[in-house]
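By letter and in written order, the chains are A, B, C, D, E and F; residue numbering begins at 1 in each of them.
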Amino acid sequence: MLTRATIERVVAAALAEDAPWGDLTSETLLPAEASARAELVAREPGVFSGGDVFAAAFALTDPAIEVELHVADGARFDVGDVLATVEGPARAVLTAERVALNFAQRMSGIATLTARYVAEVAHTGARIADTRKTTPGLRAFERHAVVCGGGHNHRFSLSDAVMAKDNHLAVLTAAGLSVTQALQGTIARLPHTTHVEVEVDRIDQIEAVLAAGIGTIMLDNFSLEDLRRGVEQVAGRAMVDASGGVTLDTVRAIAETGVDVISVGALTHAARGIDLGLDMHVGMPDAR
Amino acid sequence: MLTRATIERVVAAALAEDAPWGDLTSETLLPAEASARAELVAREPGVFSGGDVFAAAFALTDPAIEVELHVADGARFDVGDVLATVEGPARAVLTAERVALNFAQRMSGIATLTARYVAEVAHTGARIADTRKTTPGLRAFERHAVVCGGGHNHRFSLSDAVMAKDNHLAVLTAAGLSVTQALQGTIARLPHTTHVEVEVDRIDQIEAVLAAGIGTIMLDNFSLEDLRRGVEQVAGRAMVDASGGVTLDTVRAIAETGVDVISVGALTHAARGIDLGLDMHVGMPDAR
Amino acid sequence: MLTRATIERVVAAALAEDAPWGDLTSETLLPAEASARAELVAREPGVFSGGDVFAAAFALTDPAIEVELHVADGARFDVGDVLATVEGPARAVLTAERVALNFAQRMSGIATLTARYVAEVAHTGARIADTRKTTPGLRAFERHAVVCGGGHNHRFSLSDAVMAKDNHLAVLTAAGLSVTQALQGTIARLPHTTHVEVEVDRIDQIEAVLAAGIGTIMLDNFSLEDLRRGVEQVAGRAMVDASGGVTLDTVRAIAETGVDVISVGALTHAARGIDLGLDMHVGMPDAR
Amino acid sequence: MLTRATIERVVAAALAEDAPWGDLTSETLLPAEASARAELVAREPGVFSGGDVFAAAFALTDPAIEVELHVADGARFDVGDVLATVEGPARAVLTAERVALNFAQRMSGIATLTARYVAEVAHTGARIADTRKTTPGLRAFERHAVVCGGGHNHRFSLSDAVMAKDNHLAVLTAAGLSVTQALQGTIARLPHTTHVEVEVDRIDQIEAVLAAGIGTIMLDNFSLEDLRRGVEQVAGRAMVDASGGVTLDTVRAIAETGVDVISVGALTHAARGIDLGLDMHVGMPDAR
Amino acid sequence: MLTRATIERVVAAALAEDAPWGDLTSETLLPAEASARAELVAREPGVFSGGDVFAAAFALTDPAIEVELHVADGARFDVGDVLATVEGPARAVLTAERVALNFAQRMSGIATLTARYVAEVAHTGARIADTRKTTPGLRAFERHAVVCGGGHNHRFSLSDAVMAKDNHLAVLTAAGLSVTQALQGTIARLPHTTHVEVEVDRIDQIEAVLAAGIGTIMLDNFSLEDLRRGVEQVAGRAMVDASGGVTLDTVRAIAETGVDVISVGALTHAARGIDLGLDMHVGMPDAR
Amino acid sequence: MLTRATIERVVAAALAEDAPWGDLTSETLLPAEASARAELVAREPGVFSGGDVFAAAFALTDPAIEVELHVADGARFDVGDVLATVEGPARAVLTAERVALNFAQRMSGIATLTARYVAEVAHTGARIADTRKTTPGLRAFERHAVVCGGGHNHRFSLSDAVMAKDNHLAVLTAAGLSVTQALQGTIARLPHTTHVEVEVDRIDQIEAVLAAGIGTIMLDNFSLEDLRRGVEQVAGRAMVDASGGVTLDTVRAIAETGVDVISVGALTHAARGIDLGLDMHVGMPDAR
């Protein structure tokens, strides 16, 4: 999902941001000849994501650093597990540490939160999907993390699926256009591979939208009762995507209404970074 | 704090990420001639940040869009306040909407959370400071938002202040070096404008560190009682920076121990986006 | 489809490529004070595309140049039509001329060729679609041109729709996997908005593929007779996309076999630039 | 001709364009552990170009892929020849395939077409040269391909040689300037290393231009008869460059008029990609 | 010579380098409402260069700043002359000041030094040319400044003219190749627009080089006497370019030996920035 | 101080600037099979800086080139010392030569000049510091070179320390503000890690500035006598930084006035490149 080219472009920019003129602390405080062996250790359990990104932060700082990953993206880990080993000049290892941890913590945090949502809806027919509420510049990384956690990606951008929302429908109304006909025109103009999803706020909007032959209807901010009625009314004519007010407490009940997809912006915009630490073992050349 | 060049570089990349091939929905669903007047409305109270960034998202999508800001960065707003007005082709307005909102919500969220921390410590001598736990690529934006909220920036990067942490001290120990002497060497090598801060985990580390003549000592994860004893022991020989376990519930008590700075990673990594909405008013050319 | 940010990024790079140290000819040969009024004139009929790109080439060379577009993207034009007017310092106008023409000719060429294919299949149920055989770095521009010509875009990239081809199926076979089951697994793992298209080379592959519940089947390099049999066998269970050996001579017959989509790599990789010229009218300040 | 830095910059951008969020097909359909050995096989004869570019597409996708080139840039190949071998994870190999092929096909196509033109003029004194009608962003690659095919590069950009065309001469006329004197002024102002070429449309323009002491005169759109008369009139006082209406059918006759250079825009803007295929041999780890 | 796109790219990078997180001084010290009118004043006489670059530094910091240039690139100025006026918010004006001055001083310094060399050789047949010893990343700017000073550009890069130096000739010798024949092969392979210059260290190398039919011979580190003999021996068969040991004290004598070109690396690598200052006139909104 | 990512970004751009279309000389003149072993030899004594940058220029041109550094950054070298060995294809070695030398000469020149200043002030309490008068785009490299020469960096940019200058104070005066109070406000608003330095032109400005509690006072263009009086008056309440009119002839006397820091713009803007040469040893494959 993440090419070497993408990883290097983003990580190089992050390193430049964090050390535009180098790392004053390491360079002035640590002996140049000190070497470090550092272990990436889990301080809490979770699901791993971002191994290649973590490794790239060290390699782009100093090619003399070697990183070995012990856990694959998507694997679960427990407190105390050693996820990776880093070995090289102590100065450079500490220069890259925060950027490397930032990515691994953020991505593993998203994977872990996603896995919790996914577990909640186990054995229902619903899938957990992310949204476009990602961090500007990091969408490819955060979407990869959602997949590592067992979630599904929703459309990646404005360019790969249609999602007609309230503001779009408002324009149609103002222009005196029929929603059904406008959507049919859209379908006729789109790539044949493009999926059309339409967001509705009320049950009485469903029929006009379905009449256009769309792929998914999003029921936005519906009560559980209305979700059930909505699913019933759609009756398989489209996939049903629920959004709004989804939390770990409510997601199971929502899934049990029979919806196909539950869109959870929180996966990316409210995930807490997982607590990962870098334990250092320092070596010095012999004093002889 | 944010130059036009910086804003345009980051926002252009965010737009490219969100619409690599354009906005399929707007382009296929909305009439080309529809115009929109949209108002950025606050759905909850807060502190504003990111006005110029919000405006740039529209301008970089279509120069035909005009944005007027009604609220300055740093100003408080209430539910229902209109923070900005956007006017232009409906398609382009909707294409840029999410990126524009993303930045304004994220930045105003940080400003608003910061303002809550700042209010908590009112009339103590402590200031609220951010950390390097910012989003890769967005540090300039998030740091600006902290200032909008009345907080203070901590060092910006590894390049503008020294912060010696446990892993640095561990290297010194492994190398058989005295912490005091090593820090004195650092000070001698650094730019004379560079501030030196050292993190300690225990009170018994304080004297060796202060003996080097540093500027700030960070007491990391100290209990309130230990913070008080630490402040007493430092006795004005350096500024005292408290970190670890800081929440809105604990920050007042921490401030009252007499520390000078309270570093709160949560300002940037745990801020929730403020709920801002774009209310659309659509116009069509006369049918005559 | 093309944001200002995208246009400026690509056009600025093209100008830098064509004049890394400026335009020696204009700068050393032409009087600095000469102004030029140039008209973009069609030397052959066609369909226009790339107006904003054409204009940007001049603006990014010298903001003193003004460009007025007389024809919208997607409009037909005839020999002799004036498509745009350019006015400004003669040196700068001539510096930007080739880059501006390059984009307008290439994009209008694609739009024009697309329109010919579209006209050929008029009143059949088939649509003309492009492919990923676009110029590296210019896909957004070339895809926009296809739409200007009345064609449809196919998937934009590897990231927005599945297209399983012979090499993918070969991997499945080598791994001893069932095509049907593998595709079902794919569908379960994909975003719910992702369309699945599978390419087959022989009619006897159709059933295994359809059994997975895919969206489109591509019949690659089928004879007209086999296309007809394929459409019959698919029987509406999926869309049918024909590819291979499509020319202006064969496309009508292919469309009449009942396929839904005809993928034509030639739209982008074999389009000839439309002959557009820039007619100059030069002015000098009065000699008084 | 192509540095590693140039190749990596352009190929990384092409990969990002083609897989902004990864390759959905490979990632969801193929077993992660499948490895592939692929051979780049010629489906038609031609002249090879772009070996390093082809290899970089794989390396920038996944450094675990190894590419071995069996044919040097500029070498002829026949149907069925294996030009390169690619070995690595099946997913990544298929992700990079199209970008790698795109470059190799385009570049080898240009080299092959160039070689045909070069063969046509064998044993005349004329050389075949390219023009600035290259693809925006890819000029370095396309120009390298022309050289691989035995052709010569013309000036690379507006910055490395003068080429005064009809529009430049029109400005001089409008300004009431003598062409001869204006060109002499140009020569005096230019770098002493800069070659001056001037395009004329009619034989009666030749003397005024030659009088300035230029290096090459371009006879644009001259009949064969006029070319012969032009060459005679120039009489060795400058090189003669013929352009306009050059095809594989006409190029020999043009060469035989005695011109020194024949500029053929078609080399780059009308070259057809050579048909190259990637034949896959898939391996799975033993099932034991 | 410098397109808007080139100027903006380089200046934006310089601003990002100089103020990655903004200008702490202006932002914390100056009232937000203070406006400034600043004049760019010459503190010593010279030749101006870089007006558009100077202006761009302000515009890219804050579009609210207006810059008016009073002197054209290439014009002479005297002590006390006002070269430009800058007007806008005091904070932003001071943020951009150093970057704007840096470019104007450096470029005007090169133009001024060049003008001194050019004046020294007045009424000889020699021209003053720059070299490739420019600042990485700024060659287009520094070369433009040389032209502003009345100098000539030498080849711009490795890509637009041949310059065979001692190390190249050493390779030929090691390979057992004849210099004359190797250069003839080069000329046959090059674009017909490419000028060939060859550097020799001794008079006895001249004939072998001239025999190849090259355009310019560079006499490197020749004594005045040897230069004269060299010019005599070349006898108009090629241009003669003198390099090595050229200073303001020696350049006249070198020119009088009859050489055509004198290459002076010092123009760009040893030019001192011209002393230009920004005189501020500050205004505050009325206190009423 | 210089990460691999920073080095590669800047060096790749320099190579692209110097060889946009390759190195015509090497490619057309040298046999493809010639290999070269080149030694980087000092033609004058100095202090080395830029080893990794030198190496990167070759690696980014052709990964087949191997570079071995024999001298560490910061080490002194003498005439004739071999600083590095380069081995690889002769064409590529010569293509990269100038860019590699440019960086090594410039950086070693700065290191060497710095070392001379540092030696002059030996055994005084003063340190030698650089300024922001660096080359746009190369500040990280030039600052690293200053450290290699034993100097100290001053603030890196506008973002990491306050430096209030005459123009800032002029704004305060125009606004009717007290300098002391304004500076106190600045200190209250700044990060606690930010050092405040204020420049004064006259002794009578010192008290108002010191009253604000700043860290460093810069005495700008003071006579030796005034420097002594200034140091006396400051009396240890702040560090004292001397600037203006500092040369190798005056620096010792300035240091002996008791100032703590001497800021020398000349370190970076007036350093002469050190004379380093690349001695080639060429090899050809056996002629058998």
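Just so it is clear, contacts are C-beta pairs under 8 Å (C-beta built on N, C-alpha and C of every residue); 3 or more make two chains touch, one makes a residue touch a chain.
These numbers were taken from a predicted model, which means no experiment stands behind them.
Listed here as common contacts of chain A and chain E: B, C, D, F. It takes 120 degrees of rotation, in steps of 5, to superpose the Cα atoms of chain D onto those of chain F.
Chain centres computed from CA atoms place A at the largest separation from chain E. If you average the Cα atoms of chain A and of chain C, the two centres end up 32 Å apart.
The centroid of the Cα atoms in chain A and the matching centroid in chain D are 42 Å apart.
Remark: chain A and chain B have CA centroids separated by 21 Å (rounded to whole angstrom). Chain B and chain D have Cα centroids separated by 49 Å. Of all residues in chain C, those that touch two or more other chains are 17, 19-22, 95, 139, 153, 156-157, 159-161, 189-190, 194. Of all residues in chain E, those touching chain F in their complex are 10, 13-14, 17-26, 28-31, 34, 36, 90, 94-95, 97-99, 102-103, 132-133, 135-139, 157-164, 167-168, 170-177, 182-183, 185-186, 189-190, 194, 269-270, 272-273, 278, 280, 282-284. Residues 127, 129, 152-156, 159-161, 189-195, 197, 215-216, 239, 241, 260-261 of chain C are the ones that touch chain A when the two sit in their complex.
Taken in their complex, chain F has these residues touching chain A: 1-6, 9, 139-140, 143-144, 153, 156-157.
Chain F contributes residues 11-12, 15-16, 19-22, 27, 59-63, 95 to its touches with chain D in the complex.
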